[in-house]
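These notes open a run of structures that come right after.
Consider the two complexes below, in which chain A is the common component and chain B and chain C are the respective partners.
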Partner chain A sequence: MLTLKLAYRNIFRQKRRSLLTAISMSFGYMLFVITLSMVEGSWSNIVDIFTLDHTGHIQIHNGDYAKRPKIHKTIRDRSSVESILVDHSEVASWAPRVYSPALAYGTKKTTPAQIFGIEPKLEPTVTRILQKVSAGSFFSASPNSDGYFSAMVGAGLARTLNIVVGDEIVLIANGADGSIANDIFIITGIVGNVTSFDRKGIYLPLTVAQEFLSLGSDVHEYSILALDKHKNEALAVQLQAQIPSVKVSPWQEIQATFYKTMQADKDGNMFVVGLIVFIVFIGVLNTVLMSVLERTREFGVLKSIGSRPGDLVRLVFLETVMLAALSVFVGFLLILPLIYWFTDVGLTMGVAVEIGGVEFDTMKGELSAFVMLMPMAFILITAGLISIPPGLRAARIMPRVALGSH
Partner chain B sequence: MSTVIETKNLCRTFGEGETQVVALDQVNIKIAAGEFTAITGPSGSGKTTLLQLIGGLDEPAAGDVFLSGTNIALMSGSQLSDFRRDHIGFIFQSYNLIPVLSAEENIEYIMLLQGVSTQARKKRVQEMLALVGLEGLGDRRPAQLSGGQQQRVAVARAMASKPNIILADEPTANLDSTTGISLIEVMRELNKQLGMTFVFSTHDHKIMDRADRLIHLEDGVIQLDEMRAF
Partner chain C sequence: MVKIMRFFLIVVLILSHSASANAADADPRKIIDEMEQLYRGASSDIKMTMVVETPQYERKMQLTGQSLGKEYGFFRILSPRKDRGIATLKRDSEMWNYFPKINKVIKVPPSMMMGSWMGSDFTNDDLVKETQLIDSYEIVMVENDLEYLFTLTPTQQAVTVWGKIEYLVSKAPLLPLSQTFFDEDGEKIRVISFSEPKMFDGRMMPSVLEVRPINKDGYSTRIIYDDIIFDAQNITAQTFSMRNLKARF
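Entry: the complex of A and B
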């Protein structure tokens, strides 16, 4: 306690210098928090766009379907999968899907397309498909009065084929049983725009797609949203243990390239901020060294009366870390309202950005324990490390020299 | 009486070559437990150097220092720190109290290093303050005390760890003569009451007169070593 008291009082010996040092450390902390909040917020937003556009937080497939999709690699025992998904408290929503490549015929042109068979009621609980319908309306699984089933097409595909809502589209694909599937569908909606991820897609109601592709009631995929998106990997592990017959993958595995890119970007940002904070700490190191040099005689006295070298290293360490803790505390109080605002309201961008068919006009940060506490830990640990060289200098002081006898 | 301090052929030089200064040259002394010894001599005679070598604050160029029969040259840095903490009390000419600690805390600090419990430390601090006549001034910082009071705190600090040797480097040099004599009498009284061995340097005759033994140094050589009767 007395050592803490001594360290605390030593901080206030040179009030102006300590204040300047504290300001620089507070500034470093706040800069770190703002950057981290921005990076985490932006990426969180992008991950949301990415996962809520199509991927979901978790996907379930039969074996290696995600890497090598084949029409026959289906999940047949749907009831055992769905019973677990329905009962799991961490699963927010889920939707089954089927896929197949196809040839799409418009009025004058033919183009390759990708069939997405989606469940009309469940799919909107997993993705933003409803928001992405830019023309017409979201389809139903029922045929129209002429017996034709509905389809929605990606904006890119619609432009290529020069088709609009109400037009017919002919699809030809390989059925799962080896047959040639072909049918006419009526366009009820256009999905997204020409920059959307699924601009070449054609959406069919799940049961219609299953029948068209001769899949019976089988599906290729389940897309799942977790209640807590940050715990999706843990949830995937749980689900995998509960349903060992299928392959359960978090989005980080499904979109591995995107995930690695995101991690690399985050690491790059962390490095830059870390570098800025390190530069701040060079100033702090100078201050602590000055403080030690000024007290050479006092350290000599402390050694004379029996302080071990380690006691002096600890004293300098405590002084530096206490000053850092005070600085970070003040920085925390100052930055918390700003980060709260940044997360809740955010910065309005001049021009809205369209990503995956959904418009975003606000840049938001993230307020989390990680955003607030990680920079705190970084500053405190760096302060502790920075105190070691001056502490060692204090520990190496020769009492005779320090006492200034010669 | 057993010997608590012994130096054998103690030498200390500063600088090299033509600028080399011999601070101590073949100094041999033996000081028994409970002695009240004054080291005298003019400025630059080697008094401070001798005290620093005895206290392990400096390393000799040649020769050895034995404290209670132990050669301190054989101790590691930490062992020497612990030995100083437990067996030697230092009093400096310019008090050298820690300015940010109160008188009580200055006295308490060394016991903290010894690992003495908080309760025992508080009790001993009050005893020490009473011994040096500073009751009621324990919460004052050094800057709020007079020179004489600060030196009394330094005496109390030196004695708080219950050392068997007190080394004092010109403890009265910064005090007026009345305060200096008063302080040396406090030290003398403690020496008699507690049997601690006091070795102090001075060039003040009024202070020397109160010592049991005088060791006179000139140019790093002992010129006189005499016991005095009271």
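Entry: the complex of A and C
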């Protein structure tokens, strides 16, 4: 307790020096928080873009369909999967899908295409497909007056085949029963733009695609949004335990390459910020060392009246950590409104960036316990570590020598 | 496509077989040549059922087929309803598929020739390739009391994917029993077996033909002949026209 009191008093003995040290630690903390918030924020933005573009937070497949898609690797027992998805409190929304490669015929040209069979009511609850319809309108599962069903095509496909809303498109694909699926569809909408992942895609209503591909009521995939996107991996584990007959994968597994790239980038950024903060702390080390050397006589007195070496180490440690805590606290108060604004409003960029047909014109940060507290812990621990060499130095002071010095 | 090829092959085999019933002397080249010669110029009108089995599904189709010589062939699916009217036309070495739902004739490109015909174990190529066994293969014959075994190895000039074909024929009645196809490394690829001989239009011939790929477990295609009329008067070159391919029926 005495040590604590001493440490507290010592901080305010050299007010100017303490203030300068505190400022540098404060700035170190704020720099760390801003960088972390930006890195986390922009990555989480990118993750949102593609999870909400198509992937979802969690996907369910039959076996290794995600890695080796085959038309017959379907989920047959849909009701047991869906009843669990409906009941689970952490599942925000879900949508079934079927896929198949196909050959698409316009009036003159032919091109390979990818069929996406989506449920017209459920799919918009999982993805931003409604916002991606760039011409025409979102389809329904019912046929038009001539008995033709609707399709929406990717912008790249529409351009290649030179077709517009209202035109016919002919599709040929391999049915699940070995038959050759062939039919005519009417284009009701164009989806995305030529850079979208589905630029070569053809969206069909789920039931229409199942009929076309002779799949019965089977589906290839469920895409799921979690209520809390940060807990999607834990949710995937839970769902997997509840439905052992299928494979439940978080997006981190589905988009493994992307996930690894993201982790590497985050680690790299963390290293750079860590390095900068470390350099800040070399300055702090210098200050602490200075203050110890300056007080050689004082420490000599303390020792001669009975302080043990450990007490001195503790004293210097407490001084430094208390100062650091104070700086971080002030830094926290200063940076919190900024990060809050950054997360809520964001920086508006001059030019909108378009990713997958969805436009983004603001750069946003992230406000989370991780962003605010991780740098705090880093600063406090580094401050503690840095106080040890000066502390040891103080502990080694011989009273006789110290009292003789000036 | 493959199926069509197979059909042709089968038709050829059946015709050649039934025609050579009294040609059972020991000259293998003569037997096979006679089979081919007999087939040539003959026409047939066939009703058949094709059953495709895979580990994932079983599919049953009813088809009609017409052939004229070895150059022309025409097949049309009658059932299931979803596929009704899909037709395949073969003229010499070219093939076209017609899909009535989309009213499109699609030529089978050379790159698709080894692809499956209508999801069966027949390739398109099986339907198109002329069975020039005598011109393209060296023939070695072994016989016992009951069977002939012809071993056919392609000549230098032959254009074929097979390294060897073993052709087993029973002596009495003179009917094909099986054909075993080997690749160039001598690996067994598939077996076609002939069974359940029946009388069709006055000729005895196997009514069931089964293709079984060796390296694909659980896959097989069976063709069951329901009815065959030989030398039908209504089959002319006109039958094998684009116009007929796209005709309503």
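Here, the second predicted complex is superposed on the first by the 404 of 406 C-alpha atoms of A that agree within 3 Å, B and C clash if a C-alpha of one lies under 4 Å from a C-alpha of the other, contacts with A are read in each partner's own complex, and residues count from 1 in each chain.
Heads up, the rule we're going with is that a residue touches a chain if its C-beta (ideal position, glycine included) is under 8 Å from a C-beta of that chain, and two chains touch if they have at least 3 such contacts.
This structure is a prediction, so every number in the text was calculated from the model and none was measured.
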Partners on chain A (chain B, chain C) - clash or fit: fit
Superposed arrangement, angle subtended at the Cα centre of chain A by chain B and chain C, nearest 10 degrees: 140
Which superposed partner A:Asn162 touches (first chain B, second chain C, both, neither): neither
First (chain B), second (chain C), both or neither touched by A:Ile305: first
Touched partner set for A:Ser83, first chain B, second chain C, both or neither: neither
Partner chain in contact with A:Asn10 - chain B first, chain C second, else both or neither: first
Partner chain(s) touched by A:Asn144 [first = chain B, second = chain C, both, neither]: neither
First, second, both or neither for A:Thr362, with chain B first and chain C second: neither
First (chain B), second (chain C), both or neither touched by A:Ser245: neither
Contacts of A:Ser214 with chain B and chain C, given as first, second, both or neither: second
Partner touching more residues of chain A, whether chain B or chain C: B
Minimum Cα separation, chain C to chain B, after superposition on A (Å): 80
List of chain B residues in touch with chain A within their complex: 14, 23, 48-49, 52, 55, 57-58, 77-78, 81-82, 84-86, 89-90, 92, 96, 98-101, 105, 108-110, 112-114, 118, 157-158, 161
Complex contact set, residues of chain A against chain C: 72, 105, 170, 172, 174-180, 182-184, 214
Residues of chain C that touch chain A when the two form their complex: 52, 54, 56-57, 59, 80, 82-83, 86, 97, 99, 101-102, 104, 106, 116, 118-120
Sites on chain A touched by chain B in the complex: 1-3, 5-6, 9-10, 13, 297-298, 301-311, 398-400, 403, 405-406
